[in-house]
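In the two complexes that follow, subunit A is the common piece, with subunit B as its partner first and subunit C second.
Up next, the complex of A and B:
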């Protein structure tokens, strides 16, 4: 794909805004890491060598305890296996950095969860009130939240861009009616309706996305309408029209490329918006069903167990870091597309 | 101009009908409505207590199990659930027009009275937040613009960014953990303390403030960032404008140029949202009220949804949507007042 000189210039400008550029790299790395989260934070071992055979249990089916000479049929507890093999010297086990998965309850004798952070137990941020590792829940929760937001964004923008540019380009009665509909839609208290609906059907990730999409498509539609409306009356559109370009050509080859900056500069804010919406719903208990790791659920646990401060503080700090970084990206993108050169007085 | 505003006011009516019709329909089609909820409660209470619930006074000879179909019908008729959606919507609308919002199914008292009780709490927080936000944002925005890229600017930017990125209830959770649980400077929640009645006026005032500090921090954190950025940006635009340069070229000092010329014009964008402030009456965020256990409008709305108290849900919706739409129009009027160049057609 050949990028236009303008786009190259904008990318260069974006890179020159250090705060935003580094946040962008950091977020990309984090998202990439969530894709291999099973290799970093998991109760299954990365690698087991036992009696000359090599095993890679991370992906793939359950390996029963009997395989490694243990006295049970269900899935091997690799943390215990590591100790056993070390003692007997029959093989080695390499565990991930955090050897817990987000769903397992780590109950130990004489310890009542939540337990405080300890690097000896490898619960680096402690456990929550049912003994699940906080790091694991935070990280897997982040994975769900970010991909939820991304998917929601794609759906929202598809609707927004197509309906919005149709409204701006066609105008007339269609525009009038859609304007009224959007006005009504955006006046409905979103959280109210989500709560009403979510308290009846226990939502899964797709129904939840459906509900959010149902109430979230207006913002982008409105933006695109305004942009198309403005672009339509510019000279280049008129020129294209007088040269005999078809409607389709005008929209797709002329107007859309020129309004792409609106879409791009809204992306970071939509992502943080999606994360926040999902977290709020989870916090109130109307979000994803129970054992799913999520920030909102951790926040809820944290506020219910304020004496176990490590839960609240780790979620809040992690949330601040991620959301502020996303905001930095958003601000940098906006500045790259629309540089405002201010005069400052000494 | 007058014609424009008259048209805007008239447009409130169809929009209002659209909003309320939509929510009304949703409340009708979801299962677990007030009647079913009441039946479930009666079953839970068992045969003895069954007759005390709700509108059925015909005794409980049916036994511990649910009411007879006739009685259920009676109940449904009592709450207006027996008619088709559209007819009962029209009936509801007729009552609303005559300023009757109906009766709460949970408290069995008029919706208006229930809502009215919560006004003082929400208005207190609404107005204090409003004043604090304007008091902080306007000066801070101006200082940040004048001292662009200085230490003051960059340091305050940290708070602005955090406030912008984080939803206000998370700020609430953070401060409640830090200042109420860990350091115990402030109470964990509530609007006033338990022994509020017994205190002298001065101590009552102190108690109220003591309880209000943390919620106010979270309310202000939610809205000061946007306002400060807006103020700073418009101030910087104006400082760079030719007319300020002209004023200074003609010998005006920098301070006077800022105060007399740039500042007045920079306030215009702030005015665009000024009219929406009439929503402070019911502006309680239910997440913040939920966290701090403040008995305001937000919490009332949340509880009435969870408890399926639809008359209250609809009542709050009526008030908030009208205030919101009137607020939008007021905002436009404010813009027209502060900036004579603006023409609405």
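Up next, the complex of A and C:
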């Protein structure tokens, strides 16, 4: 694919803004890591060799304890298996870095959760109030939050950009009516609706997305409307029109590429907005159903158990880091795509 | 002369129509049970506690009156009789004697002629007649009360100013009659019942018959109760040495954590610590370590609320009794108790625990046991497991939705859920707001529900387990239990008026319900725990079998549990001076099991 000289220039400019660029790389790496989270943070072993057979339990189906000569039918506890096999010398078990999954409760004799960070137990950030590993919950929570907000972003922008462009391009009565509709729509209190819905049904990730989409698509319309309005009167649009291009073609093939910088510079802020929205809903208890790992739920546990400072501090620190990095990216993108730097006005 | 004749005529006609008491009544009273207040109690001082919101009205009936503050007001209205909180027998209150008619519906009462309203007017038969009209009146805008007083009471008969009979509309055993027919009168002379009642009485303080009356209302901030120094009942056998503090100040503090800080500072006197986390962690503060604040753990012997998981037998998956039994054996309640509840809670074994001989103490809840799960699941054809470890039968996964309105039990439920995976059962949590969850269970939409039900001193089974209430919405038979044996036992239970038979039938019914495996009992908490400033004093046995706290300011009626404590002024002074000087006392944690039920 051949990138236009303008795009290359923009990318070069983006790369030159160091903190934004490095944040971008860091976030990409993190997101990539979440895709293989099961290999890093999991109660299932990466590899088991037992009586000459090799097992890779991570992605497959449940392997019953009986397979390894243990006396139960349910899923093998690989941490215990590791101990057992070490003692008996019958095989080896390789565990992930953090050998816990985000849902399991790790109770120990005489210790009541939450328990403090300990590298010996491999609870590097301690456990929460039901004995679940904080690292695991943070990381899996991040995976849900980031993909949630990416998906939300795509949906929001698809609707918002289409409607906004249509308003700007068509103008007139359509524009007028849509403006009023959006004004009224945006006055519906978002939080109340969520509370009401959450009390009637248990929200899952899709209903939550639906609700957020229901209230979120309006934000982009205003930006797109003004941009399209402006672009519509440019000469290249006139030219396309006189060549007989259809409305859809003009909007999506001509105007949109020329207003892409608006969309791009909003993306990072929408992502952080999505994460914050999901976290705060979970914090208030109207978010994803228990026991889904989530930052908001961790934050709530943390504030309810202030004496267990490791819960609240890990989630707050991690959240600040992520949100600050996203903001850095946003800044850099905005800077790199700044039309004043690249556009020459006739 | 004319006037005299007229008076005489009226007098005689009145005599003609006046009811006469049936002959041969056997009057009962109770002046021989033990006294449970302390003779060392001292009067005086102000007791300070908190409520989470300010009441919307001071009326006890009608719109907006159904708040927690209503209890404070109603507890200061006495009933005809009360229940001794240790012997659980009937004791006199506004009535000195009572007698039961043979028809199992009527109780006769001799009223205490010395009983007076707080404004000095005597309490007479007319007040009872008025109360019945009042509770049935449209003007109070309280349909539930209207209906209840119409349905439960047939009539009240006045024989003279101090003798009445209350006729209930259902046949009951004597004890139940006392509970159901016993009435709390309101003062006729102080209430004007008309269409403006609801509006006029929002903030009006009506004379009462109890120990305290509201003396000051700071709207939105606090309510002060003041002790009635000339209270008519203050020297009665079971009342003497109770209700000792002069003033009770109830402050509005909207957040429990803030209230706890107030408690540490000493601006409220007590704080409930029953929850394990509060007892073990929250109370680890310097005021406790220095001995200014002491802790009490008191075991009671009272009917306990039933916490449990109810299975809806109308759902295809729970039609099979073997699945229900297997499911019960897959719920690891023991682990929850042992871990996140720190071993403070115990396993509940049956509903209606703590009801004395009504309780079947031989029942043992089905314990977590994977072998038994396998056994019953095999009988039901669920012995295969899918690739995710969850059981399969003809392509269907054993995934069961567990509904709950108890968001504060989320920790417990997630532990149970994780453990159930071992048994090959996937629990899908459905958490709803409390009222919605309850509504959804009454409509029988749940598959399994995690709930708690309040209890009563005499068990009632018809609503919860009779087939009359199964398979239809808006009834309490949330498991849709439909079993002929249980039905016939319940009908026998309802139609017997013999106390012993009734108790033994109750045990049989509980056993039959257990055999049906429709309900999995979870938690038993037969105690309360409380932190208090060391100047708060109480009797040697710090509570009664029915107490909810040693520091119940008034006590819920008809249980005579209130006002057992007092404030020692000298110790208060000593404590506050010591606190200022930084001096410490020996930390005290009292654990009292002297009244605990043995089972």
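Following the convention adopted for this analysis, the second predicted complex is superposed on the first by the 333 of 346 C-alpha atoms of A that agree within 3 Å, B and C clash if a C-alpha of one lies under 4 Å from a C-alpha of the other, contacts with A are read in each partner's own complex, and residues count from 1 in each chain.
To be clear about the criterion, a residue touches a chain if its C-beta (ideal position, glycine included) is under 8 Å from a C-beta of that chain, and two chains touch if they have at least 3 such contacts.
Here the structure is a predicted model, which is why all the values come from computation and not from measurement.
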Kindly classify A:73 by the partners it touches after superposition: subunit B alone (first), subunit C alone (second), both, or neither? second
Which chain makes contact with more of the residues of subunit A, subunit B or else subunit C? B
Between subunit B (first) and subunit C (second), which does A:299 come into contact with in this model arrangement: first, second, both, or neither? first
Could you look at A:56 and tell me whether it touches subunit B, subunit C, both or neither (first, second, both, neither)? neither
Have a look at where A:174 lands relative to subunit B and subunit C in the superposition and call it first, second, both or neither. neither
Scan A:319 for contacts with subunit B and subunit C and give back first, second, both or neither. first
Thinking of the overlay built on chain A, is A:307 touched by subunit B (first), by subunit C (second), by both, or by neither? both
Is A:183 touching anything from subunit B or subunit C once the two structures are fitted on A? First, second, both or neither. first
What residues on subunit A does subunit C touch that subunit B touches too? 199-200, 307
In their shared complex, subunit A is touched by residues of subunit B numbered 14-15, 18-19, 22-23, 26-27, 30-32, 146, 148-149, 161-162, 164-167, 169-170, 173-174, 176-177, 180-182, 233, 236-237, 239-240, 254, 286-287, 290-291, 301-302, 305-306, 313, 317, 320-321, 324-325
Residue ranges of subunit C touching subunit A (in the complex, touch as defined): 280-281, 335, 338-340, 342, 370, 374, 385-389, 407, 410-411, 413-415, 417-418, 421-424, 429-433, 436
Taking the touch rule as given, give the residues of subunit A at its contact with subunit B in the complex, in rising order. 180, 183-184, 187-189, 191-193, 195-197, 199-200, 272, 276, 279-280, 283-284, 299, 302-303, 306-307, 309, 312-313, 316, 319-320, 323-324, 326-328, 340, 342-345
Tell me, which parts of subunit A touch subunit C in their complex? 60-62, 64, 72-75, 103-105, 107, 112-113, 129-131, 198-200, 202, 285, 289-291, 307
